[in-house]
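After this come two complexes, each holding chain A, first together with chain B and then together with chain C.
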Partner chain A sequence: MASHGVLRGLGAGVRSEEARQKELQQIAAYNDLVELVNTKVAERQYTIEVLDLITKLLNENPEYYTIWNHRRRALRYLFAAPDPKDSSPGPSKRHAQDLVESDLRLTFLLLRKFPKCYWIWNHRNWILRIAESFVQTAEARKLWSEELQLIGKMLHADSRNFHAWSYRRFVVAQLERLQAPATSEPPSREARQSLTESEFEYTTKMIKTNLSNFSAWHNRSELIPRLLAEREAGSVARRKMLDDELALICTAINTDPFDQSIWYYHQYLMSTLSLDCPPQDRIVHDLSNHDRQKYYAHEMEYIREILEDEEDCKWVYEALLHCAGCYLEVEGGTQAFTTRDMRYWLDQLKRLDPLRKGRWDDLGRSLKL
Partner chain B sequence: MDTLDNTEWDVLVIGTGLKQSLLALALSRSGKKILHIDENAYYGGAEAAFSLQEAEEWAKKVNEDSVAAFTTVSISKPDLSESETSQVSLSASRSYTLALSPQLIYTRSALLQSLISSKVYRQLDFVAVGSWWVYSAGSTGLDNGGVSSSDSSATLQGTLLKVPNGREDVFQDQGLDFKAKRALMKFLRFIGEYEEQGELWEDYKARSFPSFLSEQFKVPVSLHAPLLALTLSPAPPEQTTTEYALPRIARHLRSIGSIGAGFGSVITRFGGMSEIAQVACRACAVGGGVYVLGKGASTIERPEVAQVGTSGIKLCLEDSETVTTQWLIGDDTAHDTPEPLYCRSITIVSSTLAHLFSPIAEGAPPPACAVVIFPSGSLSLDGSRAQGSESPPVYILVHASDTGECPRGQSILYASTSLSGETGFQLLNKAVQALLSSIDVTPLPAILWSMQYGQRPGSSNALPEGADERLLGFSPSSLDLTVDDSILDQVKEVWQKIVGDNGGEFLTFEDREANLDDDE
Partner chain C sequence: MSLVSGPGRGGVAAMPVEMRLFVDKHVRYIQSLDTRKDELEYWLTEHLRLNGLYWGLTALHLLGHPDALARDEVISFVLSCLHDNGGFGAAPGHDPHMLYTVSGVQILATLDAFDELEKRVTGGRNKIGQFIADLQDPETGTFAGDEWGEQDTRFLYGALNALSLMGLLHLVNVDKAVAYIQSCANFDGGYGTSPGAESHSGQIFTCVAALAIAGRLDLVDHDRLGAWLSERQLKNGGLNGRPEKKEDVCYSWWVLSSLANLDRLHWIDGDKLAVFILQCQDPELGGIADRPGDMVDVFHTVFGIAGLSLLKYPGLVEVDPVYCMPRSVIKKCLGK
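Here is the complex of A and B:
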């Protein structure tokens, strides 16, 4: 199975009759387990034994999200219940912590086998919040920073797992929340230790390891406005950031114009130049139309050069048309290309990607070609 | 056993070079009675590895007796007592294991697959091969006009440029302009599926690879060197054909990252191929094979003609012992030619040359081998500027102490070129000097010991003459710097003949011991 052109593992092979019989037995056992769990839950029997049954079921099928809900219900009940080993009545914090720890282990093991299951990530998230409520701030920080390390390892194993990236943003947010001192006044700049800079570096590292990383590019785009705000970047610094990012993506495009994730980031950068870009998303605040025109013209110039070596790359033509459209909106009179050029690019797009003919026709209409 | 005289065997293998050893391994579970002999007192044949003392003894033997594959060995031990630069001195003889024929094993290679499927990989330690470097001579005024002999004493400060291993390396390489990046990438994309794009290179098969690069991919001449380097071709660029180059480059690029991020080839510790030969022979011995070293097929120059009878082949060994065997395997020397004769050298250096071993990727094992290529014409010999693009390239495989071949703080340079004779040795020396002076390290690395020798494909463990389908010969060891898949094909062919239809899968075994660790 391929995802965006990257192959993932081998498919299932042909099974023998023996294997098929074995599987039928496994299916029957599974169905029995499901029925048993559902029965117990319906009877509101939230005991440790039932929790173990739920664990067994989830190990077989972590995608059965309803069972995760049942698990949380069971856990809540058990948190409030007294420790069976304890003589004192009332909820036992120790008991609750043990349960939390064992669920952290469970989700960790399951994530290694099923790194893309939403429900496991979700449950781990829930468990960590509960864990945090048991401890002091310093402990809580440790909890989340270990979590960050775990995410780092998972991304090292599969750098394109968007679940892991999304979770990473979440973990970083928790760490930042905890690092703000608990005073009534807003924290000073020195006191605020944000992870934005290091996270930005992290995306750079991931991209250098593999340019085809949508999630890394996406994360980068999410971080840039925050980065600029935290640095309290002025006009000059902002221009530099924009120019540096454009140079970076220019090198990437020139290295591999066939990679979609690179163009995806290019589109993001172009979007920050647009008149329609909301102020909080802009990289540079004081762009004049003349500035915009220069940027669009420069982009089109180097992208056009790629056509000298690669005539059959559809992304190039698509980008040229998009930039041309933007350019025309801010045109001050001089024109770096002609309508004939644009028609030619559109024709190439239709040739290279005939399945999207409707879309290209639409594009042509919007550009008045 | 006291004597081999009048013993009977199913298989008699002559020589413990890589191919014969792999055959022994393949037969190790077959239940056949195997006698495996080697006229040398050591394993490995032309792939042997020596301590310093063993190297010195071997050198003497080669120069006196003329061993088939090797000629003109000379050893030099520079006197460093007055030198202040080096505080490192030569260690004891046994601290070194010097490989005569060092080779890289690509991770996408039949050999590595076989080592894994036969389970002998468990007895081997592998280290990663890291960066590949292309030497570029510094441009000083010496480039223009005539070079007089007095000028040649000045050392040209050359530079080493890392060879890009794929897209991300090309992306980060600031020495490449956009056009160069695009051209390289276009070629890299092509090479990934070159078998399916025959129409692009059919016409260039027998033509030179540089012409293919220039004409089909507009790769500028300045970028030919790194791509040629990946082929490890012994010939100069114009004589390296497209059909030779393409599969080798494809193998290199496809191997990268296939068992671990950032590297595409490995070597085995403690002597490379010789270690593999020993492990293979050991496996055969465990399976009942009998090993006798220092036992040749005969003491005279041309081995006794084997007598073929109905009960098997009768062979006369050294010490007038006669053995009978059903199958006789050895090196086929019938097609030995004096050419090609390569020049090789082994140099022990008093520095780790750490600069060459930059980390290859996050989480990747630290590399212990680096490859340095001196393209055709990048080195000029004293007094002669006529080298140009006709002289062959020089390759230096640099082994760090992690290979187990030398003590900490030192490293070994294995240099090789297809230029023969005195000029070949001079070229090797130039390369070694150029390499050491291009690395910025203090104190300056000093040469502690070096040995140079000529080598050709050949063998002393030759198959006696006689035409019979049970006399099977391997082609002699090639001088390739990587282990080619065809070696496994040859071994399999011989193995197939011996075991017939009941052999099971070639070089695929279960572990012998019942309980083994599951981790790898």
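Here is the complex of A and C:
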């Protein structure tokens, strides 16, 4: 009912009688299974056999959210029940762990086939949170670390899967929660050492593999303020961070000036210079207007150099106009460029990017060009 | 869009062939959806049945064929999905969830059927409102989808959408919901599924539309987000959902409606987008696909048609960019 990337093909909708009969048999088998599961669950027959039927059905249709709910109901019951292989009464920890492991396997296999199905991600998250309640902190940490490795594999297969990126941030938060000492005393600097540094390194690795990975650039922009706070970075270290990031993006721009992911990260860095930037998001805290002007002028200088090789890259003109607008906001004069330059850049934008003509017209009006 | 002043009153028949919308074929395609019980896909998609009905019904209304599905049958089906706790499931026997509750309310509003709801279920409207209100997280202001607690800005938007259609927004803490949306804002002006998540057109639609319902569009950085949204248009006219991704008809709705809500519809080339959407039609059997040549489905059909309506394609009924429902229905429900 909402398909993506499935070819229509020729003669769609026409089936041979044989194919039709075969499909009718498949429908009957599927509906029998649905009815069987629903009946057993309505009767609260929460047995291992019913759990297996649920597994079979979810393998056929992982989008069937009510069946995932049935699974959770059955599992909740089974976690509290004695181990069938064990004669001792009361819930068995080993039995519960077996159940958790089998659900981690099930969701792993399903995610490989359906990496964008919300319900599978949700179930995996649910089962891990339940598992935590059975185990010691060390074991819980192991569970979530393995989860981080799994996400690494998923992102290796599809580096832009936003379910996986969201889940990665969630898993990191769980690991950080488990590493925090349980006492109410303020943690020492080492104990507070979170995963921010290693996650930042991870974005570096992802970007190096593929400059065009905006998901990684985005995560980097989220990590930088935390990283600086955790390092208790002073003015010098903060300026170094900004300069290093600008140098990194400058290299990236030179490598592929037509890639918008890179320009968005450049915009991010520029936005942290702005007077409007909230203090907690700033990279450098003690910028004077003179500093800002220097940064803007420097950016414009090297972006202009790209024009020598790439005079048909609209992102260059857009960035120049953006920096020029920022420059004018902090300083009245225009030493780094003239109004004629700005008019020329705007004309180039209109020439190179007619799809967004309305936007360039509005931009010209707002810059009074 | 120049089509408005283009071929004049000649209507669709006078249009160049690449600009033609196959209205009758789309109507027949949507009518056929509930007769395809001999296809496995029909059964495998039962978990989307109520959404599908909302998509199909809305498409028919926008196409100017509001009576193409029998009103009584639609209402009976919708009410057969309603649980005692006030939530709707995807189909009879499916668990209640926000996603289907919103579709249920939207269908009842479109069919002007809240009186029928009260007749068949005493206090029905309040029950539904309470189901939704109970899903708000009192700490953060966002919403869960159901009793299992997963949260997502899609559910927050759904809650404000359905409650406002029923005149029950006072049941929830709107200010807290607004503050939560703000915490999902990114430097590029967009929004993600939760704080810290990458901007994504679908989530931007839900956040901007929720702010519109709350009357707080002043919190959106119009120029920055408008710029990001306008960059979703690719050379072939289609729109993508995030930087460096492929174009897809459903984004013509998420992106275009957000641009409309920000008063920046003119920041992309509407004519080129219209041509792209029209290329995604199945000219023989009706329906619209994600991309030209792909399998059609009712999801892309409604969002393609709604996109064309925002672009003022001649002959289509005006769509509301916040609710994705006919504008006239929203005027009646909200009194504005």
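Operating definition for what follows: the second predicted complex is superposed on the first by the 266 of 369 C-alpha atoms of A that agree within 3 Å, B and C clash if a C-alpha of one lies under 4 Å from a C-alpha of the other, contacts with A are read in each partner's own complex, and residues count from 1 in each chain.
Simple rule for what comes next: a residue touches a chain if its C-beta (ideal position, glycine included) is under 8 Å from a C-beta of that chain, and two chains touch if they have at least 3 such contacts.
Predicted model only: the values in this text are computed from it and were never measured.
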item: Contacts of A:358 with chain B and chain C, given as first, second, both or neither; value: second
item: Residue contacts on chain A - larger count, chain B or chain C; value: C
item: Partner chain(s) touched by A:31 [first = chain B, second = chain C, both, neither]; value: second
item: Partner chain(s) touched by A:218 [first = chain B, second = chain C, both, neither]; value: second
item: Contacts of A:156 with chain B and chain C, given as first, second, both or neither; value: first
item: Touched partner set for A:255, first chain B, second chain C, both or neither; value: first
item: Chain B versus chain C as contact partner of A:309, first or second or both or neither; value: first
item: Partner chain in contact with A:278 - chain B first, chain C second, else both or neither; value: neither
item: Set of chain A residues, in rising order, touched by both chain B and chain C; value: none
item: Partner chain C, residues of chain A touching it in the complex; value: 1-8, 12-13, 20, 23-24, 26-27, 30-31, 34, 38, 60-61, 63-66, 69, 72, 118, 122, 125-126, 160, 162, 165-166, 169, 212, 214-215, 218-219, 221-222, 259-261, 264, 267-268, 271, 281, 354-359, 362, 366
item: Chain B residues within the chain A interface of the complex; value: 167-168, 170-172, 178-179, 181-183, 185-186, 189, 218, 361-363
item: Partner chain A, residues of chain C touching it in the complex; value: 37-41, 43-48, 51-52, 89-90, 93-95, 97, 146, 148, 150, 186-188, 192-194, 196-200, 223, 226-227, 230-231, 233, 235, 237, 242-245, 248, 250, 264, 266-269, 272, 282, 285, 289-291, 293-300
item: Footprint of chain B on chain A - complex, ascending; value: 156, 205, 208-211, 251-252, 254-258, 302, 305-306, 309-310
